[in-house]
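Here the structure is laid out as structure tokens; the discussion comes afterwards.
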Amino acid sequence: MTDDRTGLWLVGARGSVATTVATGLALITAGGAALDGLVTEHPDLAGADLVPLDRIVIGGHDVSEVALVKRAAQLADAGVIPHAALGLVTDDLDRACSRLRLGHRPGGETQPEAVDRLAADIRAFAEAESLSRVVVVNVSSTEPVAADDPAHASLDALESAWAAGESPLPPSSVYAAAAFTAGAAFIDFTPSTGARLPALVELAERAGVPWGGSDGKTGETLVKSVLAPMFAARSLRVRSWAGTNLLGGGDGATLADPEAMESKARSKARGLEEMLGHPVDGPVHIDNIADLGDWKTAWDHLTFTGFLGTRMSMQFTWQGCDSSLAAPLVIDLARLADLALRRGEVGPLTALGFFFKDPVDSREHRLFEQHRILTQWATAS
Amino acid sequence: MTDDRTGLWLVGARGSVATTVATGLALITAGGAALDGLVTEHPDLAGADLVPLDRIVIGGHDVSEVALVKRAAQLADAGVIPHAALGLVTDDLDRACSRLRLGHRPGGETQPEAVDRLAADIRAFAEAESLSRVVVVNVSSTEPVAADDPAHASLDALESAWAAGESPLPPSSVYAAAAFTAGAAFIDFTPSTGARLPALVELAERAGVPWGGSDGKTGETLVKSVLAPMFAARSLRVRSWAGTNLLGGGDGATLADPEAMESKARSKARGLEEMLGHPVDGPVHIDNIADLGDWKTAWDHLTFTGFLGTRMSMQFTWQGCDSSLAAPLVIDLARLADLALRRGEVGPLTALGFFFKDPVDSREHRLFEQHRILTQWATAS
Amino acid sequence: MTDDRTGLWLVGARGSVATTVATGLALITAGGAALDGLVTEHPDLAGADLVPLDRIVIGGHDVSEVALVKRAAQLADAGVIPHAALGLVTDDLDRACSRLRLGHRPGGETQPEAVDRLAADIRAFAEAESLSRVVVVNVSSTEPVAADDPAHASLDALESAWAAGESPLPPSSVYAAAAFTAGAAFIDFTPSTGARLPALVELAERAGVPWGGSDGKTGETLVKSVLAPMFAARSLRVRSWAGTNLLGGGDGATLADPEAMESKARSKARGLEEMLGHPVDGPVHIDNIADLGDWKTAWDHLTFTGFLGTRMSMQFTWQGCDSSLAAPLVIDLARLADLALRRGEVGPLTALGFFFKDPVDSREHRLFEQHRILTQWATAS
Amino acid sequence: MTDDRTGLWLVGARGSVATTVATGLALITAGGAALDGLVTEHPDLAGADLVPLDRIVIGGHDVSEVALVKRAAQLADAGVIPHAALGLVTDDLDRACSRLRLGHRPGGETQPEAVDRLAADIRAFAEAESLSRVVVVNVSSTEPVAADDPAHASLDALESAWAAGESPLPPSSVYAAAAFTAGAAFIDFTPSTGARLPALVELAERAGVPWGGSDGKTGETLVKSVLAPMFAARSLRVRSWAGTNLLGGGDGATLADPEAMESKARSKARGLEEMLGHPVDGPVHIDNIADLGDWKTAWDHLTFTGFLGTRMSMQFTWQGCDSSLAAPLVIDLARLADLALRRGEVGPLTALGFFFKDPVDSREHRLFEQHRILTQWATAS
């Protein structure tokens, strides 16, 4: 690889995940941090020709205007990033902050106007920073489940609706459209709609860019994706699987909204049935506990039967720092989508299912199978 | 496959695991039970040409003389097997009981005498029941760690020691020698020494039979073998892993003996380091809690670091019925070892690592990798 | 005490709790069971002059018609009562079964008719069995939260509404009215409305009988009632307390109905704030997991701060058999309400708060304070 | 109360607990911290005439020479004390640091010399700071279980042994002797021997000072002291209680030493039997997991039977910061022992059992009973 530089354009660039990404990249580049958590640094992916970490430039959109250094200080107080890091990265964060632009919220501008403005921001970023390619990653607040709309069905239908002054897209899809329009790859790390509408799929096709998602698999669902196959491999029949997720922070507050929660819970529930081959009793709760901040606690309880129908159970508690778990994956995804852009791949990146709760165009949810697919794809020459 | 019948000769034939095996086979044959827990009934192994369940005949050795129906009644009271099953299987259990012979305990007879007597029991069983092949599975009480002895180093050394009137083998190895002498396959489901001595390996070679082990992977270690690879695949660094196992029953009482416990704990600890690629802090305890009976409760707590060194943790509690988990695997192992016998395979069955905490001649402990190896081996034509 | 006999009239007499009560009393009287779980057999209450267990006679109402022996067999299969017990108690259960009468469901009869009919059943029971006193305990399915109604405000208002052909009472209150009309004490072991309406309170007063409730404290809430005071006594500030209850059985199915669940969740949440002196973040979920049957699993997670604001957490999992926990308390309550009847006490039995999630006329939820009050009241001469 | 000042002399003054005490007092006095965790600030003890927090002066002994500000910085990195606090308390910590003196370690000086030297340090502290009274609290590393020695039996025997050049006391008892010699109260927050020898008891008597202990009750044992009475009050029979404690830090390293661990485990096991009235199966493990630092994780699992012998279980995980839990109790104990000194109380302070795993001269381990006794004693006029 030459001395190309790649842009990582974050939607929700002032949030916890995005700030952890920016702080981490700065700290790693400054030599002050280990590479823990980065899948793309694993020996298994050594053969993949990925952009070096110090050639990734950060920019992004947000509707908040808080300074990155202030968000980073809050994250240090919360134990998400090390206190000692703050001093080392202030300048880098201030520089990244100067590259952030105001995002899009429903109202104010029409959707075609928004797409054009956001795409122009991305293109200006690429030019100003002399970037060879840009990957847009959505890490903004989960939005409510979008209502179905006939304008979603095709690019023609969407453009007609726009011409008629309608605004049929949820914000995440506006961002996806802007990314495609700017010739960037788009990755949705959230459970929002993003590119998953026929109209958007067509737009990506027309722009000749790849896209992927959805919803980063960082905690309870990650564990599920190895435990469920374990029971299946041993012919132990899982009979119920109940889960409770407690979390605070921006994400906790958003998901306390029942509409957003529905979107998240649905993306969590999918997969279990597919891994086991039959439906399983049991609800998944997501509760906002302000006191927990970014520290998510998930409890899962499952029952299963073995030989002669004997009933047994297992439970686990996962206590993870969500932003710490998500941030390296966002960087991994940027490097892998960059690879796809370089290779000229177009459309849904089904090989990235390893990273997602709700992988596009795939019913494979078993982690190690996804890992095999990813490694094969990334290291193919 | 023709109308061959295969013998399953259980060492420890009146224990919890063995009684659950006998009850389960009888119940399944009578049509009164589902096939849950049997790996060899999984679609993945459909291509393997295995002996049908109703063509497996049970016999075995034990040093206790309790009737199988009595042990089965105790297991029903403890919730291990269904109460309703008892009536259906009394005759079958009584028939199996009539095929059990007195086992070997140090003292009383010399080791060569014991080997001959036990081997004769196995051969007589094969003849009386017109069996094509016999698989011996050790499910007797875990024995204390055996002291090293020069006589273990080769078959010659062993035979010289015997000639000199010494008794250098632990009981499990006497059983392995008897199995080989009788031309049977030998599987060690316990952490005892069994066939894992150069002298015994030679004997198996000379007899031209296959053998495998050790120590059935049924609970905490099973879960470890999917969770550790999960952390590795995500580049999350596991920093400590502590485990506590509470169990009662015969197995709990045996393992309360510090010497036997050492043998078990060691076989549990192995593997974690190999899956993670580095040593990990943390003890594994095994405690005898009489009140729990066959119901083992294991608690594991592990810490790991992610991006920028943030510390996180996970804990799980496994509440399994040990005999229910073990029994179907014993049946699976009998069918697979029977396949190896038919194929004329000789020596260590490394493809069976999927079933064991301490797989012979293999450093692969990751469950799904073991599953792949098993499936490939079993379905190879 | 003379050779008085006391009637225990169960509303919901064919349910899990009631069947466990009937089986247990029969078994204890037959000498086949220990007295575990019975608070009234604790040395602390030795001084109380309570009716002996073998002088309690069971009768009751239910809208189901399943035979008690059949319900008992199901409970034995589920591990709630010992299999060996069944044979010993069949006759006793059949006799109790013959004393059960058809209960009341909205519609069919008017409410005054229902009260008269149900009261007549209770009086006939007392006469037929030569009982000195009768205690009615409601252990029927939790009903949906009752809508407010002006007719609840006074006995006059209620009687006027009845005269106008209205049916303003929920079923549990119809049963309370019948108990009072028959001169019996009434205890509500469920979260339903029962006697907690001004009109019913007046009716108890007029009838000169005592009553108590509500909602037996058997699991998660029991633990809360000692843990919350522990944190308070140590000046540790509880900041969040989230709970998830998984249960199956009849109760699980009823509570899966969001309306009934609201009633239960509310009665669980009350109390925590009062024990801690401030509101606490955190939801309580109740989920129906059919596979668990009577075996309730509750997980609670709480966060607290100590010195200098350091954040800490605790979590517990309670795995209890609900009917086993409830049944002895129902017997305790019958004996204690019988004592109150003998003493001529009238109105709310505030000294029984120890037994309830939502104690009538009391804001004291701390278990050991409730225990002190109970002991003092019961042993007063 | 007048403008008296009281000295709090810490043995182990540079350890985690002691440093948290010093930092906390400084921060509270500076107005920068809430009073969470301080039992003596609870309304229940409002009537007690205790020395105000800003009139407590800190001094102490340690064998390490690390600066308090450095220890405080480490504790802030570990999340034990808030980072923001460090700046506010540097001066105070440096002043406290200048009042620390070199402690005693076996060898170097004879025991009578050590007692005199340490006592002189305490007296000089009292004089230099114009203190009315001094309370010595032992928060140094847990020492190995001391061997029995005839010299422990009486003060005469001890003095004869000393005269004969022997050194029969463990270090904690040397400190207790020094405290008594200096006319100070002595509190043992550790499981070490301290004043619990007849010779020392006599010495306290002769010096006319009070003393108390042992082993601060801060985590698992605290929870036990409310749960065990809960089961007892409900007549639920506890059948097994197993515990595993994972901890790091200085305390974790010390307790990894099997001899010290024995001392701690024994003090933890005592009490459970006394609360339940019968012995209970189940081991208590203490494991050193360096990665956890001051953050202790304890898992307890207990089984119990209820009505008709049904078996149930409960488990809890406690995740506490040991120094945060211990420090406020050390301050509470200093204030309460100061009260005893002012009142002229002499000998064992049995009213302080609330604070200890192994309360002197008391078999009462139930928390709320201990709380009642404490409150009554402290608020008596």
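Each chain gets a letter, A, B, C and D, in the order it is written, and its residues are counted from 1.
Note that a residue touches a chain if its C-beta (ideal position, glycine included) is under 8 Å from a C-beta of that chain, and two chains touch if they have at least 3 such contacts.
In UniProt terms the chains read A, B, C, D = Inositol-3-phosphate synthase.
It should be emphasised that the depicted structure is a prediction, and the values quoted were computed from it without experimental measurement.
Engineer: Work out which chains are contact partners of both subunit B (Inositol-3-phosphate synthase) and subunit C (Inositol-3-phosphate synthase).
Structural biologist: For subunit B (Inositol-3-phosphate synthase) paired with subunit C (Inositol-3-phosphate synthase), the chains in contact with each are A, D, in label order.
Engineer: When I count C-beta pairs in contact, which pair ends up with more: A-B or A-D?
Structural biologist: Spelling it out, more C-beta pairs touch across A-B than across the other pair.
Engineer: Using mean CA coordinates as chain centres, what's the gap between subunit A (Inositol-3-phosphate synthase) and subunit B (Inositol-3-phosphate synthase) in Å?
Structural biologist: The computed centroid separation for subunit A (Inositol-3-phosphate synthase) versus subunit B (Inositol-3-phosphate synthase) comes out at 44 Å.
Engineer: What whole-Å value do you get for the distance between subunit A (Inositol-3-phosphate synthase) and subunit D (Inositol-3-phosphate synthase) if each is reduced to the mean of its CA atoms?
Structural biologist: About 49 Å separates the centre of subunit A (Inositol-3-phosphate synthase) from that of subunit D (Inositol-3-phosphate synthase).
Engineer: Two or more other chains in contact with one residue: find those residues in subunit A (Inositol-3-phosphate synthase).
Structural biologist: 79, 313, 315, 317
Engineer: Can you tell me which positions in subunit A (Inositol-3-phosphate synthase) touch subunit C (Inositol-3-phosphate synthase) when the two form their complex?
Structural biologist: Its residues touching subunit C (Inositol-3-phosphate synthase) are 239-240, 242, 244, 246, 281-283, 285, 287, 289-292, 297, 299, 301, 303, 311, 313, 315, 317.
Engineer: Give every residue of subunit A (Inositol-3-phosphate synthase) touching subunit B (Inositol-3-phosphate synthase) within the complex, in rising order.
Structural biologist: 20, 23-24, 27, 33-39, 41-42, 44, 79-82, 85, 222-223, 226-227, 229-230, 232-237, 305-310, 312-321, 324-325, 327-328, 367-368, 371
Engineer: Enumerate the contact residues on subunit A (Inositol-3-phosphate synthase) facing subunit D (Inositol-3-phosphate synthase) in the complex.
Structural biologist: 76-77, 79, 83-84, 317
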